[in-house]
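When the chains are written out, they are named A, B, C, D and E in that same order, and each has its own residue count from 1.
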Amino acid sequence: MSRYGPLLLLVAALFALWYAAAVPMNIREALSAAERNGVVVEPATAIERRDANALGLVAANLAQIPAAWAQDRPRLPAPHQIVGELWQSVVMEEIEGQRGLLKSGSLSNRGLLLHVWITLSATALGFVIGTVAGVLLAVGIVHSRTMERSVMPWAIVSQTVPIVALAPMIVVVLYSVGLQGLLPKAIISAYLSFFPVVVGMVKGLRAPDAMQTDLMRTWDASGWQVLTRLRLPASMPYLFASLKIAVAAALVGAIVGELPVQGGGLGARMLAGSYYGQTAQIWAALLLAAALAAGLVAAIGGAQRLALRRMGGAA
Amino acid sequence: MSAAILALALWLGLWALNVWLATGPLSNRIWARMAVPLLFGITILILWEIAVRALQVPLVILPPPSQIGARFAESLPLLWGDFVQTILRGALSGYAIGCGAAFLTAIAVDRFVFLQRGLLPLASFMAALPIVGTAPILVMWFGFDWQSKAAVVVVMVFFPMLVNTVAGLAETSAMQRDLMKSWGAGYWSGLVKLRLPAAMPFIFNGLKICTTLALIGAIVAEFFGSPTLGLGFRITTSVGQLALDMVWAAILVAALAGTGFYGLVALIERGVTFWHPSQRG
Amino acid sequence: MPMMNAPIPQTVISARGVDLTFDTNDGSVHALRSVDLDIGKGEFVSFIGPSGCGKTTFLRVVAALETPTAGTVSVNGMTPDEARRARAYGYVFQAAGLYPWRTIGGNIALPLEIMGFDRAERTRRVREVMQLVELSGFEKKYPWQLSGGMQQRASIARALAFDAEILLMDEPFGALDEIVRDRLNEELLRLWAATGKTTLFVTHSIPEAVYLSTKIVVMSPRPGRITDVIDSPLPRERPLEIRDSPEFIEIAHRVREGLRAGHAEH
Amino acid sequence: MPMMNAPIPQTVISARGVDLTFDTNDGSVHALRSVDLDIGKGEFVSFIGPSGCGKTTFLRVVAALETPTAGTVSVNGMTPDEARRARAYGYVFQAAGLYPWRTIGGNIALPLEIMGFDRAERTRRVREVMQLVELSGFEKKYPWQLSGGMQQRASIARALAFDAEILLMDEPFGALDEIVRDRLNEELLRLWAATGKTTLFVTHSIPEAVYLSTKIVVMSPRPGRITDVIDSPLPRERPLEIRDSPEFIEIAHRVREGLRAGHAEH
Amino acid sequence: QDLDEVRLQLQWVTQAQFAGYYVALEEGFYEEEGLDVEILPGGPDIAPPQVLAGGGADVMLNWMPSALAAREKGLPVVNIAQPFASSGLMLTCWKDTGITGPQDFKGKTIGVWFFGNEYPFLSWMSQEGIPTEGGEEGVTVLKQGFNVDPLIQRQADCISTMTYNEYGQVLDAGISEDELVTFKYEDMGVATLEDGMWVLEENLEDPEFVDKMTRFVRASMKGWKWAETNPEEAAMIVLDNDETGAQTEAHQVRMMGEIAKLTEGSDGSLDEAAYQRTVDTLLAGGSDPVISQVPDGAWTSRITDEALK
């Protein structure tokens, strides 16, 4: 089987499963809608159906299955509905929409591309800040016992603060001191992404074994030299595992930072979608965010392979 | 101005004390180990108190630690109920299910190239299913109570745990693997006797990162619907009432729970991966 | 047709035209070229040759850890991989390769666990082989708490513990002093005589090779190949003093010449 | 008062009552007990003794990698740690310890980079020492692409590259065949004669120890201690044939006796 | 021509609920008054009083319960204008659950918005004598997210809705009005004032600020009246200002229609009777009243008086 065969196969299986699951998930609303249109369904009233088993409902009303894949406000939209929405909001909106790329010359705020761009730029900035901060902190922790003992526990505490709860507050406070636009979101995104980096790098920077560090000692290498020539190269497997998590966390951070909805972005889009019951819109944004994450993780994976190759490959 | 100088002096003084405690002659005493982070925390709290008072920050923006402490002490029964709902019911069950599922998936991925090619990209697709998007949907699917919070946690911890376990299972040297081969070890004994032990440092990395993620997930999911208790519920409603002292008291509960949880996992890690250079110190 | 008075031992390992090339970032390395070799049941074969001449690689091919680019190897009529699955090999690697999360005792017991020996039997065997390599009392220590030579001895003990049919030993005694080495040489010879295990043994010491072997394979590098195969006329019963006998000295001389030739070439 | 005709060399390393105990999970190990030793400038001192007797530990103490539990060591009148900072040591570890992410050339260049040699000088020295250990042509390979002996040679080259005042070598030639070993022995002796580097050398080979050393230290285990110190009467100029001289054989005999005594004890 | 800067903090995302302000901005009413206005959208978890306290805004829109609570918490905010004359808050229930009046709530599950919006509900329940701790004799309260799914999925028997937004969403989901029962807080006598304009008390001592606010209120009310008469255009203006692009035209047009009913009959000045009723409702909040004492100086007619001259 080719490189991508398994992926395609699994995706196909996933879609099949998805369609199957959408039927029992949406059957109640489908039946209610049918009932309103005068179709006789079994059992006849919503209150009776409330306590019935979903699979039982499907079995009793096989004719309504297609309707379960065509709900306006489904509990679980069918894949084609989401694809349709994606097509609409990613492609058609830019081509045909009043504010689309073709008619106005800039990306439309009703399409998703603009929001992807907004979120992506905050993510990138936050990821860079977070990674740099995380690596620096890990270096400090590995080099100073005082840092390790006093800062590490608080780095942990910092992550238990539900930043997401405070995110809007932080954005507001930063706004009031004149920081706006990308930076507040990037800061939240950095806050979420630095921790996996710290944890992984503290372990990675300590991964060299005794002989490897002893060698450096006999050469009287400075702390900096030990860091750049031994600890950092030895920590690469840990770094990349951490970076994959960090980049995903940075994306989550950026999206969370968009909760105050000002300025758009995928987070604002999802939330607004949720307020107005635009299920397809939430799912479209959600899947796009997930695809973005997968893309970013894959990019890190690519960087990892490149780095490993430059570092001698196997063993 | 004088407050700034006082704060600075205090910072320098306590940091110096900390350096002495951490590296000085007493550094191996158990109480000194405990005292260092506490002192650091106390330093921050004092600075916070000074800053809030000196700058006259409105209470509805940031209350001083003293007031938060008082509110915390007053509301212990209420906060205990929130703790049970959010941490014990929501976060812990989600953590166990999520990490367990990721662990098993990682093993399957490691076993079958098919899954490695097919499932791993799909899983990274799940990496950043942002909580903002998933939480409303999961609340819609699993109801308002802790089950939906656990589901959110499962989704959040799955990927970090998976990535770490997969990386860990690959972390054996060629000679270690060759030895196993020369004994004609089957897949399972290779897994149990070699790859899992060698993966432990990575697995614990994942477990540690997930402790805090689990808390965040459980708390934030409550923003999207909850019964009338829970830490997330407490935080949102208190923000609405501008009872910022209560907000921070709830955060304090989360921080205590999170630190304890993390500490516990780190302790187990010490026991399990004692052999790793990073633990031999 | 075999002669009555000199039974030709049954061939256990047979290599035919084995070739192995490694591809590396800057060109390929010809590690083995047209290696032909037959090893009979119960033979003790030493491999000797300059560093980098393919000794380790040949042992790895026999143990199915490396696949030759050309040629075939058969072990007891099976492929090396089938033999590996049948747990025919006890392999002592050139570096100790102990698992850091297990104590020395635990490391030695590991292959026994994998092969399904019961607890009592494991304990017994571990005790026995640890005594053999003079490590009694170090059961509970971790690898990093042992000296280099002690680690090497632990890894020898590990390979001996489960009584494999074929022993593959890659410079097992490199890190040991003369006295221990002599003692272990004697022990190994005794063990070999008693059990009749087919043994492939890599060494850099000419006296060691001559003292132990029924057959000495001299190899030469770039490309790695066999330059001489010497069948030893020494009796199976070998006291240490045999090392002063004229036969011994003669074989040693032949080996040294072979080695020197290999070195001079490039 | 020193005699005119036998200049007492200036003492470079002096150990007084050195004791070292390791604490482990099951009790403590007495690795060194009351070790007294003086090593003069330019001496070549070999350490020999059964595995686990503390040879490596003593070298580590000298190199400030281990702190003695009691006693003092001075190096050029400084503490070992000060000497380490002055980059007095070139250390060859018992295992090769190459960094897997650097090529062989990169590994050898690493201490040079750290000590601030410029690029041209680095390239020159790397080429030189690689030639010395017969690894030319392997600059671009990674450690795992080399055989065990080649790795060990690379690590020797690394320690020689930066011209440290004191060489500490822990069984550097353990994984090499006799021919290369003889050649490297000669090279080392030549290098030592030319540069007058003080050298501490751990070996398991009695002939090697006798051939190379001005002083041979025999150690014995549990607890690790010095049982004999033999000053060699051999001249500094030593052709390989000296190994057949009666003086040589006599010293070798004394060393062997010392070793055997150490073994018999426990 | 130097424009005076004013920052307005909304209490929810950009939608027709705030049409008057967007109209005033887009139609240039603010500029005519010499103002450069910046409108800051809100959302869940943004507490406008906090933004005000932090100096992030000059004036905020807020529901009176939450503003009065903030005042008691030590943040002295003052109502300077009240464009919404009546409340749009209501409970929407499935008819087939058998609910006909408040007493039928017993044993049912009800979704309530928190974040300050729970006060009128709690006060109402305490007037009805229904406990809110769940059980057969009480109601089970859920903290409802800001959408109507709990009702549609029947996770709750009733949910909170606004006449102008969520109720419409319920209907959009295909549910007809006669499947539902609604309870407007206005009809139940527990309505509280919504969407007033509030500023920090200390700022009112500054005549320049007062003057700025006077012009702001005047222009805003002009915007509201324009929106009431041109609902479709107003909705389009709101849509143009929505940065998320999530809203649909139909929805905003309908919302504008409903909003107009609430602002209708208000010239921006606060109706004292309505204020009194709000305060009474909040004081009657059972064991846990929203405010513990009658507020003093929580509103002023100074600015509206001046603006409407």
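Everything that follows uses one rule, which is that a residue touches a chain if its C-beta (ideal position, glycine included) is under 8 Å from a C-beta of that chain, and two chains touch if they have at least 3 such contacts.
Keep in mind that this is a model prediction, so the values were computed, not measured.
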item: Touching both subunit B and subunit E (chains); value: A
item: Chain pair with the most C-beta contacts; value: A-B
item: Central chain (distance from its CA mean to the mean of all protein CA atoms); value: B
item: Separation of mean Cα positions, subunit E and subunit C [Å, integer]; value: 86
item: Intercentroid distance (Cα basis), subunit B paired with subunit A, Å; value: 18
item: CA centroid of subunit B to CA centroid of subunit C, Å; value: 51
item: Intercentroid distance (Cα basis), subunit D paired with subunit B, Å; value: 49
item: Residues of subunit E whose C-beta touches two or more other chains; value: 44-45, 50, 54, 145, 147, 149, 153
item: In subunit D, residues with contacts to at least two other chains; value: 95, 142, 144
item: For subunit A, residues that touch 2 or more chains besides their own; value: 75, 165, 169, 173, 210, 259, 271, 274, 313-315
item: Parts of subunit B lying in touch with subunit C, wherever the complex brings them together; value: 173, 175-176, 178-185, 189, 193-194, 197-198, 200, 273-276, 280
item: Interfacial residue positions of subunit E with respect to subunit B in the complex; value: 44-45, 47, 49-50, 53-54, 66, 69-70, 73-75, 114-118, 132, 140-145, 147, 149-150, 153, 155
item: Subunit B-touching residues of subunit A, taken from the complex the two chains share; value: 1, 3-11, 14, 25, 75-76, 145-146, 148-154, 156-157, 159-166, 169, 173, 195-196, 199-200, 202-203, 206-210, 237-238, 240-242, 244-245, 248-249, 251-252, 255-256, 258-259, 266-267, 270-271, 274, 282, 285-286, 289-294, 296-298, 314-315
item: Subunit E-touching residues of subunit A, taken from the complex the two chains share; value: 28-29, 32-33, 36, 45-47, 50, 72-73, 75, 108-111, 114-115, 165, 167-169, 172-173, 175-176, 259-264, 268-269, 271-278, 281
item: Footprint of subunit D on subunit C - complex, ascending; value: 22, 24-26, 29, 48-52, 55-56, 94-95, 140-142, 145-150, 152-153, 170-171, 174-181, 204-206, 256, 259-260, 263
